[in-house]
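The two complexes that follow have chain A in common; it is paired with chain B in the first and with chain C in the second.
Now for the complex of A and B:
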């Protein structure tokens, strides 16, 4: 969401610039430009969809051209020499591929072998979802992708060794089975037989016994995939993709090859089971509708009342607006619900978190006046952002954020802790406080990112409770609708109240501004929409139509 | 001219492979290097392995850490001693059977072995749990294969010598590791409980002898081998 906002900013600037240029063109030229753009966009779409393609011949010319592509797009992460040590590598997890050691995750060749060119082509085209590797299918044309592959192959001696020709070690991939409940059930049996749960957890949440100890070939932390998050499958989510991953193993990672100990059928069944674990996410909504109930509001996340409340799925991203930025956030999606009655309001936040971190000791590594704002990297030369150091232990927390004062129109405080004159109010739940038997919900206020949210001086009137089950937190936070405290947000029915969410995963070294956060969504307490919404919408639609009509008329005139 | 860089690379590769190729034959009146790996300072105690997973199998018998084994009289076990890049000498004899690394009670037994390149290693699983055999070579092919208890034996082929021993580990059980020294010549030894080693039948000459231990690093000494004589050379390691 944040990324999208930043992109939009870029786009705006771009359009503004372009428009100035366009103004100097005649209408005819403008139409030409539009035509070109249309063809370009359609072309790009076709390119994107069309992956299988004619292969460019591998020759010196292509390699030279590939080096240019590499210099333009690849080295900041993968390094000038391809050793996976570019300047951006330090802040990425997983680390960028080291082309020199030539261990590749996504292959259709048996374990220990190089990938075939088509494997690399697929990776470059589709990117690696959930990692920093973008899909270059939209950025590079096919020839450029082949060229850069041929160049990458020159970075390692292994590709030059003819005895290691990967085309000799290709696996044969049959056709996927028709997925039925029976196939999925058999896949579950294979999941247990192959002991996938040791890393991926019983329900595939990536929280198995070994999950916290795994590293890549070079010793950097690597977490097993949370198999319910299809949007993070590095090599795609088709049955064939999944089947291929455990047939070949993912070299350079702890993920082994199962080709020798699961039969072909078992691996297809397993693929069907793993695919069945994927939860689709719907990120289209931004309206959290509170449900009015007569009962007393539950603090228990397992209360059946929650089943009645509508759920909003909120995308979360790493905080990259202000330093210290956070590029490897743990929580990437959160499901939120809201219940209210005449007196109180309660929120339930549900999200996946591999490890339950309920202890908190910031230790000596955080020499910061306000505890929530560490500058870890600059203070400690030994600091490795990929690991929680032993010197400190950090807790899991979540926060719900509202504008402190009623909003007028579309003006809202900044979603990263507000502005100086436009403060925010936060309800923050801390797992360590709960563990110690204290009230885990804190009422806080913030006036901008420079100072972390400050706890209110009066004792917190909000309560709450978190339950951790199998790699998932369900946290309920409850408060009075209306309070006497001036710096509290007051909840009333029939108005849109901006609401956003923040999460910190302790074992992912998250604290202060190193967190996941969402942009503003809207909370509405009432089943019905206020009439003003319909009226405003109608006015805007009509105004837009009018403007368009005027513009069309004028352009027709100028054409004549 | 476009291909100049490529040719240079090929020629360099060709030459370097020639440079290290080992030539085996009969050695008459060869010399011997023997000695002991010694720990300087108080012998550290071996900590018990903290078994965090599959306890019913892995913690059935208590295992002590194999990372550094020092006897009461300061002898270090599992040190790989080898002559560096020796080019000519005794014949390489293929082992009668493939050397084995047995995963037994969630440790590798033995913990350290040394072989000549081309030897196939058999990795056994004697446990009632799944392991994954994950190798970390520089020159040879890296392998990562799941090995459930039903798959008793996985064979791993080697092709090239390795400058440093190759680690073999199991990711499921993070404490499990073993090391395989892989050489393109037959002049190497692994110290036993008493810390001693003997490398024999070496053509007379000056050689670099390297001793490697996983925790303590490596020591290299220049040793003059005399025909028909035994040269004693001890390696004193410090932490």
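Now for the complex of A and C:
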């Protein structure tokens, strides 16, 4: 009873205090505050909509100013003279644009023509996702962007030639249709009619029959886009962007223009179909939740049991921590799932890989070189690192990495194969072993990046299987939860086990530390939900109800 | 009586209060994406970013709370809905019961989802700038004593080395938005942000660049940092060049060292 009174008192005092604060303002002031807030909200809303302003006039002054912007931000890649040969260009794939030869990918003009200023403006504002070309929309204001455009136009003779005025060859872009299932279906028909699959593959994974032979204008390897990866579209993923890309073609690349092969309607349908192929990726999670099942765990990646397990999308980058660094990795996202029962644990790794590489022969592959960014090395002077891959044949593999010993707190070994005192344990699957009918899963340990992971001496207890379907590997790796072996990671429920992933794409010449890798995520094998969660919830519900009751009592009393 | 009439008019004030919040939420969450899509002429929805969403909602709640607390009468009306009154209409009683029931349930749901997900992620605290090891404290930039011209050359060389080696992570604009920045759970430092290389003395990056992530002490979670150790690749002079180029690329300048020797 006394407690109740005290509580009431507290509440009363609290409410009174609050009221006093607000009472101190006069009515006028309150209105003022409200007006201010309204204006603020409206202002915020307007700022959110980025309203485009007018184009800067093209004159000598603007060109001079543009040169300044260029020498500040663009030349390291595009070169002093704009020939695409800046000091950073050597290690980029795709190479920076050569403004002198002036073949542009992103245009709204018909194939073979120059881009209009607005096209360049859009490119510089948004960058070219999936390449090194950064977005300058946040760094340069609009005037600066126009200025640099006028400057890069002076780098090539073509822009000066009045007969090539790009504004005369602009395509007309109508308004996009309303996308329905029917439109997408018709788009698929157009996809087959125009034979996009020859390069982009049946499901758009960029694995068509002629995909491996393509090069750009300058002879560098150029793979067709994996159309399911929206984050790699150089020119944006809106319906209009996609429509524009294959209507105009991408000059300097094998991507042709389809303006003559398809009608306008067909092209809009096709754009809708291509857009429907795009899968969003969600990279916010870092928790892989294992699902407990009663059944025997499947080694088959197509088992329906996998549909129950929650998936984690893990972003992957090239290994650029230690030499030799690898800047052009093939695998950029891995989808992982985990199932376990009382005895075993199984992981399923799914990722896009254009080509199935199941043979392995290191041949004349040279040992690790000491240059900062060796791409590929060969004794053959004709050897072109970007293209010729016939000196050796490499397999596809993936690995899951865990700290070898239980971790304390958030402390872990370094994510790139650990350190001396903090070794890691890897479960690695090799496609060539599977092809030869051997156990494809190897148990390995590593202690630092200097020595590659070493296979354990005892025969591998883990099993697994990979299935390749249309540009995608699905690999299952399975092991006992607890083993006798001291250098194995042991799995138990209810603890956070750091986990990371590594992948090697053979036809992209990946082997050893030339790989894609992820940083640490967490694996948790969920036991039952801890009881404390329910208790806390109950306490809070009761407390809330109590508060309400006190509140109504008080209000009633004050009324009386 | 006049007072009586206003009172009856505003009996549902609390219901209106919650309804307004819900309506605004709906507009921001579902209306805005469509409106902006139309205005900007895009063909995809432009969903309101979650931080902006939070701001909008805070503004709305503040505004209508200010409105409600403009007079004692309004406050009274506001709570009146919760009080069981003989004169209450059926509708009022229903709304009252709904509010009374939903509130504890809502609290319960919030607790449940937050406790069950806090089971899910170990919090990782990290110190971005641990103490500089003694060895690096007394280092002096050798180019600072050179002629202006030589310094400029060093800066240009540094910028190039930065673009060649640091760009994939820290970005060609040194804004931490390199093409791979999103693939690491711990994002590469944004040098344009005044909280990174702008707050440290020039020597500090020498340590960070030579030793990288692995050289960090435990409180700075070396195991999550993708920052490579560059000691094997660059001489100390080159590292000074990179640092000078890095500051220029990022448009910030290092903190002046405090009076060191007295």
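By definition in this document, the second predicted complex is superposed on the first by the 453 of 560 C-alpha atoms of A that agree within 3 Å, B and C clash if a C-alpha of one lies under 4 Å from a C-alpha of the other, contacts with A are read in each partner's own complex, and residues count from 1 in each chain.
The rule is short, and it goes like this: contacts are C-beta pairs under 8 Å (C-beta built on N, C-alpha and C of every residue); 3 or more make two chains touch, one makes a residue touch a chain.
A quick note: this is a predicted structure, and the numbers were derived from the prediction, not measured.
Please indicate which partner A:412 is in contact with in the superposed arrangement: first for chain B, second for chain C, both, or neither.
Touch partner of A:412: chain C, not chain B.
Looking at A:199, would you say it contacts chain B, chain C, both, or neither? Reply first, second, both or neither.
After superposing on A, A:199 lies in contact with chain B but is clear of chain C.
Touching A:213 in the superposition: chain B (first), chain C (second), both, neither?
It touches chain B, and chain C stays clear.
Please indicate which partner A:249 is in contact with in the superposed arrangement: first for chain B, second for chain C, both, or neither.
Only chain B; A:249 stays clear of chain C.
With the two structures laid over each other on chain A, which partner does A:317 touch: chain B (first), chain C (second), both, or neither?
A:317 sits against chain C, while chain B stays out of touch.
So, does A:520 touch the first partner chain B, the second partner chain C, both, or neither?
The answer is second: A:520 touches chain C but not chain B.
Based on the superposed arrangement, let me know which partner A:464 touches: chain B (first), chain C (second), both, or neither?
neither
Between chain B and chain C, whom does A:238 touch in the aligned arrangement: first, second, both, or neither?
In the superposed model, A:238 contacts chain C only, not chain B.
Between chain B and chain C, which one contacts more residues of chain A in the superposed model?
C
With the touch criterion stated at the top, can you tell me which chain A residues are shared between the chain B interface and the chain C interface?
none
Write out the stretch or stretches of chain A touching chain C in their complex.
So the residues of chain A in touch with chain C come to 18-19, 22, 27, 30, 33-34, 37-38, 40-41, 44, 48-50, 73, 76-77, 86-88, 91, 130-132, 134, 136, 138-139, 176, 237-240, 283, 286-287, 289, 315-318, 320-323, 327, 332, 372-373, 409-415, 419, 422, 496, 518-522, 524, 529-530, 532-533, 536-538, 540-545, 548, 551-552, 555-556, 559.
Which positions of chain A touch chain B when the two form their complex?
60, 103, 111-113, 157, 160, 193-195, 198-199, 209-210, 213-214, 217, 249, 251-261
Hey, which residues of chain B end up touching chain A in the complex?
That would be residues 2-3, 6, 9, 13, 52-54, 129-130, 132-134, 136, 141-148, 150-151, 154, 171-174 of chain B.
Going by the contact rule at the top, pick out the chain C residues touching chain A in the complex.
Touching chain A: residues 36, 39-40, 42-44, 52, 55-56, 59-60, 62-63, 66-67, 69-70, 72, 75, 79-80, 82-84, 100, 103-105, 107-108, 110-112, 115-116, 119-122, 124, 159-160, 163-165, 167-169, 171-173, 175, 177, 179-180, 182-186, 212-214, 218, 221-224, 226, 228, 232-233 of chain C.
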